[in-house]
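What follows is a set of structures for review.
Two complexes come next, and they have one chain in common, chain A, joined by chain B in the first and chain C in the second.
And then the complex of A and B:
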């Protein structure tokens, strides 16, 4: 089975179902909405960071639901991989600091057998939006990400409660001390406004009372310490509930609120389905209801990924790739591993510096990823990655990748690259493209690099 | 240039199959073929001992044991290269090492001219074989081109009565008797040929500076080098580098003596000699008077017999630097040396005013230090009761001599404790653990030591980097020791006890010594960290990273010792660099 015979236009993804129940029903390929490589690539971009040719073919052969099964529960030993990388990251954080840690996390994203877990960890990093510059220790940031990863697809109650005892979260929000006599409102406000309920769903009194529930929490020498005498054990009234609430109770109260489930479901839809469309409340309602019952974020993610809506035109190429998706997608497709410390610097210049969210709301994302300056920088990054020398060396070789998959001739190699990177979403004559770049000296390898660079500049490639 | 092209050019060097002498001919010196505007020239006068050191059996065994070599020897390119070497060995009826030795029996010269033109002149000894082998190699190149369906890769033209060859239009070469001339471009080759034909202007051999430089080089040198500093100094990039060195106070303090001498000289002559297992390079600058009032005068020994002190003999020493620098004089000239950094220096001076309780920095503090100072870097030994840091940093220390140690002892002690207090305050603001100040004795010397508490450390085999630091201050006689670790301070005190006061090396202003074996040991202790760093910095797999790091460590071990001495020695400004190689070092 070749790419040509199985590729179809992404625009052939079915129309968006109008009925919310129908929207979240599992997608079943059929005559009107066939499963093809374009949709397989769509799934692997959203649920991970892109895919190699072999992975695409594997997903196509397995079908959508089986592929999602593997994305949720990988067959490879993800636990062993995580243990090895935890060790690398901890050592790098101790030895090289935050920059080395970024390099290792990007490397993990490139090589993980569980890309959905890593992608969702990235979601939570932006959602929690702790300012890494205040943590003072790369090791705390590594522990922070480890915590996010542990429950990224798990129980949101456990995750939120754990974050209240996570030094990087407390330091990152200026909440390293909260005295009974002077409750620190910063984390409480952030929790209500950005992590759970959302603006307008709470009052200033709720913030003050939530802050009282969080008193007694301190960060000392990089460790969380609960000082009982500094905790306000009195009765608090938060969002209409009353009790001697502490941190864990506060999380329960917040998760009981329909607004929390609705907000998380909405944000996840923007993360997985489309940037700009604000999902209608009716559409979100079934998701929110299911989440409010179990607080199982993994199930929420699973429902969205399996849905008709996810495989519809409303989702296909309807997200602007984040800088990480843009760069890692190219590296993964071309089956290479590059310097991730260099990549981390370039991603920071593109607006996505890991551990440095620009605001308490995290990265705005969507169209705001791209302006004239960052678009030029994206092109420069693709050029640098594919130069075959310089900072990224010759770690990416599109010509060799094409040959490895049986495309020896220059025209078939060009067709291969067009399909690999754009999945037929643009009518391109690969031969003509190749001709256009063939003026470059250096033979077929250089021509393939030039073609890959050109493809990475297309608007379709900027979209996930 | 592709590997195949490199192989072709490299193969051209293996062209002398018969013993020298059979067809010896009188040749003009290579320098008379080099244009007079050459900026750099290197002449290998006696290649045999050099080749024996770098390509002999021991060196070859070492190189082939390197992990990087072992990784690459299975690659197709490397196998192609070995195949070509074997083919040539069969054709020459000798092994490559013998062939190389015969090829270079007459020496060779390399020159760089403005604009990047490069010229390599190799003197062999058998013109017939040179021609026939050249023919074989051209045949291979043509066959390869035909196989690839490409046009002719080799072309030739006549110039000054000589056939000039080009390969893929890259570089050019010509054979004249037993001499092979390789150039980076056809133009560069033509210029050389015109010089040999007497059709062009003057050659490098006629340049007075070059002649003087040759004379300055020792007669027994295996190789001589010449650098036209006057021309080089006009290059914008060089000017920028020298200016940057001038603007950075620390770089100026360390390098100003050498940089100023280079800036004022018009040429540099170097002589490379082989002394047992050491490659020794002695460089001499043309005679210049170092200005005793000039900006670099702080590095000029004040009286005959003054100079940098010999290094201290210390265990686990990685590097040692001994300097002759008059700190007070250096700082007094700050406004002239760094006019654009006045505000930063005022800030620095204000800070020093806090530490030294309002004393005037130049006259009351820096003037206490005699010009001879020593810096050392050493691998650390860790107290197992405390633990070992995951990243093992070397300890470093400065050893100064004070004019009035008794009067100054408490002043420096107070400044030291204030500095520790400031560090602790700053760390405390970040809720980070601070240093605990203690007083200990070593022999009859009291030291102030500061340490981080390791109580509660979870894994004593992977302590935080801060445990590399245990800063210490000690005063012994007129010696002041400021060390990043207590252990190194104690070692220095022992070394001072054991070494009788040694006479300075008259005229020397800079002595540097690097111990390759100890550096390798330090790198080895951080092997896992270096591998991890290599993986993310280069995108390597763990195996690739292991090979690269191990190769680097093996190369460090190869340099048994590196020594540099600079100053006004034997009546001229000289640099002496010696690399003692450890070709017996096993690669991991």
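And then the complex of A and C:
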């Protein structure tokens, strides 16, 4: 089956379901809401970093729910893959520091058999928003990401409690010392304001009392140390609860607040469904209720991905691709291997430097990813990736990819690329587009590169 | 030829501001919009030049009649006859002849005795104070110019309010929470190597409309920047110093008129910085001040040539001044107050504030009498037309430096 015959315009994604129950029911393709390549690509962009032709076809053949089963529980041995990459990363961090580590993480995103886990790890990186420049060691950053990865789709209670003992988190928020006599309020405030409850849902007294619960926590020589005599074991009152709380208890108190579940569900919807057009509270309520019960973030992600809402017009192309999604999506679709250390520099210029969130709230994202300078740089990055020479070499060869998948002739190769990169979001006349770029000499390989560059410049292509 | 943003501004202002308030937007949004619109009412540009390492103010604006100066500096003392006179008892360093010229033309003001309370004499700490403008460490997010950029950003307006031009990593002063402030080595980086029209039917997707609008502006900017980016700095009269090259790029960015209101350059090479002269200061300091004076003078000539002088203001700063006494290695230690320079077409010119006393010192350094945040408030509020209080977190009285 070729891509073309299965296409349907993306704008034909089903209408948004109105009532909350309907919204979170698993999407079942049917009349008026057909499963098509555009929706398969939508799923693979949001749940990962994009897809190759083969992966797209596989997802199209398997249908949405079966594809999500595999996204959640990949058949390949993801644990073995992660162990191998942990070793590469450790060596790279020791030899080349933070920048080398960024390169390896990007490589992991490209090659992982479990892209949903990696994508959700990236969610947590921005959510925890530790300033990597304060860590002083790339190994601590690597450990930080390992911790995020280990519970990205797991138990949020365990994740948050572990973060309180994670050196990069403490250093990254200036909380490497918390004396009994001078409780450090920074991490406590960040936890309440950005990680759990959200602004306005707590008082300054809550911050002070939470900080007391965290006293005794230190980072010494890059390791976490709990110093019992520096811990204030007295009774604290936090958010109406009373007890001689320590760190783990604080996390329990924060997680039992309805505001926490609501906020995390809200933020996940923004991450997976739409940058703007925030879901109303009634819509969030069932998600929040389920999360409050088990603190199972994987379950939350699963519910959202499977839902009618996720496959509706309210989600389709309603997110701006982050720089990472933009660049990795192109590399994955064109089945190439490029230097990810080089890519990391370009992504920093586009506003997404891993380990360096611009604010305690993480990356602003959404339409803020795109301005005249970052858009120009995106176009020029695509041009560099697809030049066929220069700093990225000739590793991306769209003509070869098209041929591999049986599209030998120039016009069929052009159609193939349009379907691969834009899935018919626009009624593009591939032939005419090819003509337009064909002025360049250099034969079919150069023409295919020029076409891929042109497609990557489309406004629609900037959207996830 | 794309229409000029400034022409567009002049034609459309007022109307758009009124329309947005009539439509019943929520209060906080209306306020954010008002702040952003206010920030776009002018077309003035601020150029900040960071002198990294702690510039020796006493050997920059030299109090040559002060006995303490002569006594304290046996090898670094600059002979009065070599100075370029500012007043009866002050003179510019011998290598700053061009600054004297700018001063005489009332294109240059000297703000004396600038610093802040409980000055940190550590490079990182002091630079952080100047970058964040948060000397009390209250936790203001990002840098002061980053906050200004976030404030100026408008959903419909130009999306690049600030840029760094240079080859060191982007200074923290430009760190913004939401705006991606670019670090440019050359304007070529904003020139599209290929471009195309995207014929498009109207969409109900606001994000798509946003990307389309930005795409049109990026292509229009690129057309403006392309011929400018290729211009030769030597032909435009710039010396070969890296600061001069960066200012040449800054002038092209101003000439392109694409809505960049804040441009940041650096002299001293980043890191601890070339101005940190604990030993054998004399020759090194001469070279740096010569680079500063010649580069800034070339920049001003260029701005005058392109007719942009009236709308550009350049401000220098350094994280601290230096000690009055020499240290025995023909160098000086980390100090506190120092003068800073404002250069451009909208100034009253002259000296602002007295030279700090050399007898009433704090740990061998002149005390400050003017908080640097008053200078920031002046350039933000009076020059750029931004809400200085929103950027600085509290009210600082602006200085009377600008022509009405």
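Things to note:
The rule we apply is simple: the second predicted complex is superposed on the first by the 464 of 464 C-alpha atoms of A that agree within 3 Å, B and C clash if a C-alpha of one lies under 4 Å from a C-alpha of the other, contacts with A are read in each partner's own complex, and residues count from 1 in each chain.
The definition used in the following text is that contacts are C-beta pairs under 8 Å (C-beta built on N, C-alpha and C of every residue); 3 or more make two chains touch, one makes a residue touch a chain.
Since we're looking at a predicted model, the values are computed, not measured.
By the touch criterion defined above, A:364 reaches chain C but does not reach chain B. In the superposition on chain A, the chain among chain B and chain C reaching more residues of chain A is C.
When the two structures are aligned on the shared chain, A:296 is found in touch with neither chain B nor chain C. In the superposed model, A:69 makes contact with neither chain B nor chain C. Of the two partner chains placed by superposition, only chain C is touched by A:373; chain B is not.
Once chain A of one complex is fitted onto chain A of the other, the partner contacts of A:338 are limited to chain B, with no touch recorded for chain C.
Within the complex, the chain B residues that touch chain A are 390-391, 430-433, 462, 464-465, 528-529, 532-533, 535-541. Within the complex formed with chain B, the chain A residues making contact are 88, 91-92, 94-96, 100, 103-104, 106-107, 136, 176, 219-222, 336-342, 392-393, 395. The residues of chain A lying in touch with chain C in their complex are 186, 275-276, 317-320, 349-351, 358-361, 364, 366-377, 379-380, 383, 426, 436, 450, 453-454, 457-460, 462-463.
For chain C in complex with chain A, the touching residues are 139, 141-142, 153, 155, 158-160, 163, 175-180, 182-183, 189-196, 198, 200, 205-208, 210-212, 214-215, 217-218, 221-222, 258.
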